[in-house]
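Just below is one structure, and these are the notes that go with it.
First chain written, first letter: the chains are A, B and C, and each begins at residue 1.
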Amino acid sequence: MDTFGIWVAAFLTLGIISFLYRDNPWYKVCESIFVGISAGYWFVTLFYDNILGLFWRGVTSPDPHYMLLVGAVLGFMMLLRLVPPIGWISRWPLAFVVGATAGLYIINYFSSNVMLQVQSTLAPLFSTKFGQPIFEASLYDTIGNLVIAGGTFTGLVYFFFSKEHKGVFGGAARIGIWTIMITFGASFGYTVMSRMSLLIGRMEFIFGDWLRLIR
Amino acid sequence: MRREVPLIITAVVGVIFVIQYFIPHAPFNQFNSWFSDWFAIIGACAIWLGALNLMRISADKIYRRRSGWGYAAIIIASFLLIATIGFAGGSQFRDPGTGFDWLYTWVYSPLSATMFALLAFFVASASYRAFRARNLEATLLLLAAFFVMIGRVPVGDAIGSFIHLPESLMPSKITIWIMGFINSAGQRAIMIGIALGIVSTSLRIILGIERSYLGGD
Amino acid sequence: MKQDLLLFGALIVIVAMIFLLVPKPIVFSTTVSYLIIGLILLALIFIFIRTINGHFVGRRIVFLFVGIAVVLPFFMKIHQPIRVSPEVQTVYDSTAQLKPGSKVLVSFDYDPASAPELQPMAESYFRLCLEHDLKIIIMGLWPQGPQQAELALQIALADSSIVKKKLERGIDYVDLGFQTGNEFVIQRMGTDFRTMFPRDTRGIPYDSIPLLRDVRNFSNIDYSFNLSAGYPGTVEWIQVAVDRYGLKLGAGNTGVQATGMYPYLRAGQLKGLLGGLSGAAEFERATGKEGTATFYMLPQSFSHVIVIAFILIGNAAFFLGEKNKARKEQK
């Protein structure tokens, strides 16, 4: 069965790769299979893990959680979008999702991505940790902490568009854009690494598992 | 009814979520639990909606014999195949050895992985044709990319050793410094900027100023 | 259409020839490996010369080079030293220093598309945990996550040093499965795991699983490791589980996502990070057991060099072209 599976997987893998040559029927067939299979995968998994596992078992358990019925009603309202005359009712569960996400994000993002980041940026210059003796800090850490503080500050200055980028402010914004450019460069490097890794994984399958050319 | 109720729901739910952070006690912790469960169920139904909508659009395409209707038929057939096998498998549907697991391993996984792997080719092609050091900013970007690409793989240090670079100037060391300091600073500036944007937008949504998520009518 | 069919026919013939004629497996000696590297370099020099003369090579040639750079190293035998970066070492230390019996929560928030990067991390992380007698609790915020976890778990359990331990599901490790709700699942777990995961993937009720007897929420978890390929993932774990409930968290991220984690790492919100395939290879080095990621590092190195070479060629052509243009304008 695995041998058949390997051949099926190889056929599909090569079908997708054939797009490099040009858009062709083989690729389109594989693409359609992918769309159908992934939609079906989510459909089945969510039924068992969520509808059955969370809702149904929660409501029918010896200690039933009837409040789950409210969630089920909201979920059903969401599905009513498929019925155009009453599709507007799906706005209610959507409003719930938007409200819950907004409420959660206000706190989460402000706490984790603003307050804690600012706190971490204002690190002591001569030592990486509070309480360490000053002479234990290396020049490496001191320069690093300066770069972090300066880079973050000037980066934020660059994003401040309410004032024209001129004079000292403009100079700071310029350093900010340099920092951000280096950051983008690092991200590009990692993206290349990431994409190549995925290709390596597929090529190992083709040349190893299927063609058995790799030891 | 169509606009007012959703606005009230958004405001009430949003405010309760903010309060429960500061007062994690009854009744707010109870609201938190209920809301989280409801969110999970609505999330599942939203994905079901997406899948069913896909089926509807594909079926419509076949019915009207629009161009590429054959591919729409493949979409429906694949969906029905995995759904039938999955539902027939019962709650142990994805255990190793089941038909669902077979489809996951030999159909879903290779297709999904190869789809993303294709990008490797296009990244390389774009690098060759478009990645130019036209000015100082672009040069900085290119240099950082160079050091990260060479420093994150062993060949960087192998070349460094070959040309007798001092230890502190080895590509891996330079990469660690770029990632740990300059990248951290840049990412943090972006992160703070985005977070402030999210906070202000969330506030506008809860207060009912931002209503675009409700659509028209 | 005719051309397509011809090409597909040629592909079938090539595959048949590989199956029938090519000896398996193929292994290049060191000399042949360096010879091939030399030939690739010569080809790149040829492309360089053509490009500076204004003839950019077609995208299919670039694709071909990428393919060659990824495939040929599989057959080569070249040793490369791998250095462990501090963020990777932190993940290793944080896990290896836990007392036997400590509980580790591993969340699988990725799908097969990211498996080549994250699966090697999962395998070595499980192996490390099981070698140190740590108890593993698996879960996923992505539906495919727990299935990826099972694949990694089977590999770790098959390791000779772990087979001897005769580990049992429910006592030494448990798979709680997937739940929808993204960060809301994490938030709910902050007060009670059981409400989000009433049963494990085998359908056994939460309360009947011995490993989970004393596990109510994050306060009963000694360390957590999150394998993430996007949303929901490490960011959500940090915002809710770490910053709100004080969970100690390490992460393994795809390369695309890893750069954005460094601010959290510096702020101490994240205790260690494995970034992309190189992070996975470094982690294998730290654990002392080379695996898939280490094997992948040679093609990874080659592919990076090819991309750098194409960037350099493109830029050299650009600057020489600019120079020529300026000279012509002067004339």
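Operating definition for what follows: a contact is a pair of C-beta atoms (placed from the backbone, for glycine too) under 8 Å apart; a residue touches a chain by one contact, two chains touch by 3 or more.
Please read all numbers here as calculations on a predicted model, not as lab measurements.
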Chains most often in contact, by C-beta pairs: A-B
From subunit B, the most remote chain by mean C-alpha position: C
Length of the line joining the C-alpha centres of subunit B and subunit C, rounded to whole Å: 16
Interchain centroid distance [CA atoms averaged], subunit A/subunit B, Å: 4
Residue numbers of subunit C (touch at least two other chains): 63, 66-67, 70, 113-116, 144, 179-180, 184, 187, 196, 244, 259-260, 263, 266, 275-276, 278, 300, 303-304, 307
Residues of subunit B whose C-beta touches two or more other chains: 21, 35, 37, 39-41, 43-44, 47, 91, 94, 104, 108-110, 112-113, 115-117, 120-121, 123-124, 127, 142, 145-146, 149, 152-153, 179-180, 183-184, 187-188, 191
Per-residue multi-chain contacts in subunit A, two or more chains: 20, 41-42, 45-46, 50, 54, 58, 100, 104, 109, 112-113, 117, 120, 148, 183, 186-187, 190-193, 196, 198-199, 201-202
Subunit B - residues contacting subunit C, complex: 21, 29, 32-33, 35-37, 39-41, 43-44, 47, 91-92, 94, 96, 101, 104, 108-110, 112-113, 115-117, 120-121, 123-125, 127-133, 142, 145-146, 149-150, 152-155, 157-158, 172, 176, 179-180, 183-184, 187-188, 191
Footprint of subunit C on subunit A - complex, ascending: 14, 20-21, 24-26, 41-42, 45-46, 49-50, 53-54, 57-58, 61, 100, 104, 108-109, 111-113, 116-117, 119-120, 148, 183, 186-187, 190-194, 196-204, 207-208, 211-215
Interface residues, subunit A side, partner subunit B - complex: 1, 5-6, 8-10, 12-13, 16-17, 19-20, 28-48, 50-52, 54-55, 58, 65, 67-68, 70-72, 74-76, 78-79, 81-82, 88, 90-107, 109-110, 112-114, 117-118, 120-121, 140, 143-144, 147-156, 158-159, 176-193, 195-196, 198-199, 201-202, 205
Subunit C - residues contacting subunit A, complex: 4, 7-8, 11, 15, 18-19, 22, 24-27, 60, 63, 66-67, 70-71, 74-75, 113-117, 143-144, 177-180, 183-184, 187, 196, 198-199, 238-240, 242-244, 254-256, 258-260, 263-264, 266-269, 275-278, 296, 299-300, 303-304, 307
Residue ranges of subunit C in contact with subunit B within the complex: 56-57, 59, 62-63, 65-67, 70, 80-83, 85-86, 111-116, 144, 147, 150, 154, 179-182, 184-185, 187-188, 191-192, 195-196, 201-203, 244, 259-260, 262-263, 265-266, 275-276, 278, 297, 300-308, 310-311, 313-315, 318
